[in-house]
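Two complexes follow with chain A in common, the first pairing it with chain B and the second with chain C.
== the complex of A and B ==
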């Protein structure tokens, strides 16, 4: 190959990459740099100026409320992640593997997606009449005679936030897992049976390892969404549960850009660690 | 071959899918320690039969006996029958070693680790894959996958291994080498192979016994030469792909066909009247020849195919039916034929096989 054509190839590669690179720099790299930069600005009650200072960072780690919100975010994320996995995996197993007909499994997957036809906020708010003191669940339990007084902890508590988030995000766990399970060659499972393995062994040694990439993708989806959450906790916790997302909303609302940026940077770092951690579990490149 | 107790026995095994009858009351007895080839066209129920024997499907009717025991209601993982899948079905996330070790590690009986290592190594060695133990299934070739699938079944020391078109996914060269190797491996171990195939040459070459399956029934069962030399019904002759088959009518010991009327010494019972003569028993004569050994079939010459050891000449009859003549070159140089020219085909009537509704005399 001549030097000229090598050069032309290089120019072409550059031209093809340019739009994407420009886009990412303008709308991803630059804003993140900006947020990091603003987090070091000096905030006074009514104004902000670009004198660099560590005050906002110091305030964040000195405040019990802010650090508490960080831990609450991590705790709620772990609980919701576990619940979506525990509830989502069996559902995915049924849809992706146990249902023999491809049509039925597609129909079931579509059914999982139907709640998305209503808006996110309505789906969250719909939990209020379900969980409230005079809500559906309390009424039914009282009618059946299981309880005398309504269970108050159901709504405006951490529990209601967990219930709401799990319901909303579980489908993001079911989808990728069901997809991976659907790709498993049925002959492989029969081969394992033929070699004398019972269902438990086949599940743990064949089915689960082969579905692991789906679990990781689902976990990344759920994690990214739950860690950045503010609406569900805002609507279902009665302001009792503060997540990092809620703090950003409040700080931006009162024009405290520096503190909002600090929380944003911390959230971004947390997300980066979580996603990187999940990607270490499986080599997703091999699956695509 | 020593006669011994049957390794497995099928009694009226029937399997239906909706309206479709895949297996229609199959009775079959297989001797221990033999190579059985199951020949049938696609859709004849070959794979269904294997799956029923392996326990992946339950028959609607009938019983399955294995080593003198009724296993009809036994789940697949308790049967101890090996199965080699057409697409090999290796575990993609496990190494070759772990693939072969799977049954020993996770099967019903607990096997000590040291014994697992020994048996897996011996098994991998037997199929000639030593040194590849740590590879993944996507790092080896099709022929090697085939061997891993075989080793994975054989390491369990089964008395019966079912092979579902095991050579179907391999290229022609490899197929021939694996044919020899499969036979050699089977003879070394005390095990019965039931090998399903759609290829008549493969079935005849490999089987100690050949069973021919058609539309869910076994229509003939015997040694390869008995099947080749005397197909029981016209369908078997059809599958063997070695016969020119003529329709016609059989009446009072005379067969009336495109080649005129021929007297027939004996006929085998069949649903239709069919006259069959092997490709290599059919001979070519000039259109005006008078010294014919038997009936005369006027034909037009179309083309020839050179196969190395023989030549196949293709002719067309007046009613556009293709007729083949197989000329072995060891019998001398073939005659020169002109494309489009008319010739006459003839044969010794004693070598023909006649099937008829009226199985005469």
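== the complex of A and C ==
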């Protein structure tokens, strides 16, 4: 290729990329930098000014409620992540690998995605009549005769937040795993079976390792969404469960921008560690 | 052999799994037909009625339960979703088009774009409002700051969809067009674009629905005028009534209508492509 045409190609690439890149720098990178910067600003009663101070950071680590929110966030994240994996993997195994017909597998995947066509907030709210004291689950359990008195801990507790989040996010685990399982060459499994390997052995030696990139992608999706959550915990816990996201919302509500920013920075760091950790398990670039 | 046992068990399991996904929504659908205005958002159903649907459209006599403030919010949300869809899709197609050629720094640019869908809405929302308030000094509105944040969120989806489409794209048809002396812009319009149109439709669908339902970014980045998700969120803190369930059913129907339009457009474009291919065969 001649130098002139290489140059023309370069300007062309540049022109195509510039708008998107500029948009992301101005409206994504700059806002995040701003959060870091404002976390060191001075907070007065109703305003902030740009005198740098560590006060907000000190206040965060001195407050039991704030540090508690950090631990609650980590605990809930670990529980929901485990549950989405444990509940999602068998479903993905069936949809992605065991179903022979491509049509059935597609139909099942579409069925999993359809609930996403309802507003996220309404899906959260739908758990209230399900879990409440006079909710569907309690009524069914009582009718069947499993319990005499309704279980009250189902709603407005940490449990209801965990149930709600697991249901909302489990599909993000199923999708990537089913996708990776679908790409496995069936001949490998066939060959292993011909050589006398049992299903357990085939699963642990072939199927699971090959599906691992899907697990990692799913785990990243779920982690990112659960760590940044505040709506589900707000709606289903009756303000009993406070995540980092909830703290940010209440702080902004009372115009405490500096403290909201401190929590924002901590959340960003937490996310960075989690995502980087997952990316160490599998080199995604090589897989895709 | 083991899979003979395993398969039926897992089939039953998947059935239960789907029930788990749908359960709350089924309950919500049933309760939306609760009697009004006395019936509450729980069982038992006092008597079946469409009261709450009428309530939603303001067709019931005034009662102590205020109607949902959805009218104006719906218009705002639709406008915002449309603006976001157009911008995100244009940016996505352009960026994905650039990625067809190798260039230095491709990895960095890729991650910069994908970052937009990975950073939680709380953070982009907070950062955007901090910038607007304290650096630029402008008021926040759903059509300004919230729009910027929505594009940051949806542009990566449009980009990834287009990237997947263009990866499977046969570049030789474009080269043929260029070698016949057709300008790159005309080639894109007449050759490339019709071929990638199904992908563009999917990108648009993604951007529109994601923006329409977007909540955390909007909560921080929009001003006092509410979009639809904000209006729903507003009902969280007060007592809830079955009208919100009826509204949930209505929005789902709306989504399906949107999905049907997408399906029809997709079907038409596939049929047209087939027709063109057939004509080529004849020629």
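One rule holds for everything that comes next: the second predicted complex is superposed on the first by the 267 of 288 C-alpha atoms of A that agree within 3 Å, B and C clash if a C-alpha of one lies under 4 Å from a C-alpha of the other, contacts with A are read in each partner's own complex, and residues count from 1 in each chain.
What we mean here is this: a residue touches a chain if its C-beta (ideal position, glycine included) is under 8 Å from a C-beta of that chain, and two chains touch if they have at least 3 such contacts.
Keep in mind that what you see is a predicted model, and the values were worked out from it rather than measured.
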- Judging by the criteria at the top, classify the pair chain B and chain C on chain A as clash or fit. fit
- Kindly classify A:206 by the partners it touches after superposition: chain B alone (first), chain C alone (second), both, or neither? first
- Task: Mind working out whether A:107 is in touch with chain B, chain C, both or neither, as first, second, both or neither?
- Result: neither
- Task: Scan A:198 for contacts with chain B and chain C and give back first, second, both or neither.
- Result: both
- Answer with first, second, both or neither: which of chain B and chain C does A:248 touch in the superposed model? second
- Query: A:54 contacts which: chain B (first), chain C (second), both, neither?
  - Reply: neither
- State whether A:273 touches chain B only (first), chain C only (second), both chains, or neither. neither
- Query: On chain A, which partner's contacts cover more residues, chain B's or chain C's?
  - Reply: C
- Query: Is A:187 touching the first partner chain B, the second partner chain C, both, or neither of them?
  - Reply: first
- Item | After the two structures are overlaid on chain A, angle v-u-w for chain B, chain A, chain C in degrees (C-alpha centres, nearest 10) | 80
- Query: So after superposition, what is the minimum Cα distance from chain B to chain C, given in Å?
  - Reply: 7
- Residues of chain A contacting chain B in one complex and chain C in the other: 198
- Note on the structure: chain C contacts chain A in the complex at 1-3, 6-7, 10-11, 13-14, 17-18, 20-25, 27-28, 31, 41-43, 91-92, 94-95, 97-98, 101, 103, 107, 109, 112-113, 115-116, 118-124, 126-131, 133-135, 148-149, 151-152, 155, 159, 184, 209, 213, 215-216, 219-220, 228-229, 232-233, 236, 240, 244-245, 247-248, 251-252, 255-256, 259
- Query: For chain B, which residues count as touching chain A in their complex?
  - Reply: 54-56, 75-83, 85, 87, 89-93, 102-103, 106-109, 149, 152-153, 156
- Within the complex, which stretch of chain A touches chain C? 9-10, 12-13, 16-17, 19-21, 23-25, 27-35, 38, 48, 50, 87, 90-91, 93-95, 98, 108, 111-112, 115, 117-123, 125-130, 132, 134-136, 139, 167, 170-171, 198-200, 220, 224-225, 227-231, 234-235, 245, 248-249, 252, 257, 260-261, 264, 267-268, 271, 275, 285
- Report the residues of chain A in contact with chain B in the complex, numbered from low to high. 185, 187-188, 190-198, 201, 205-206, 209-210
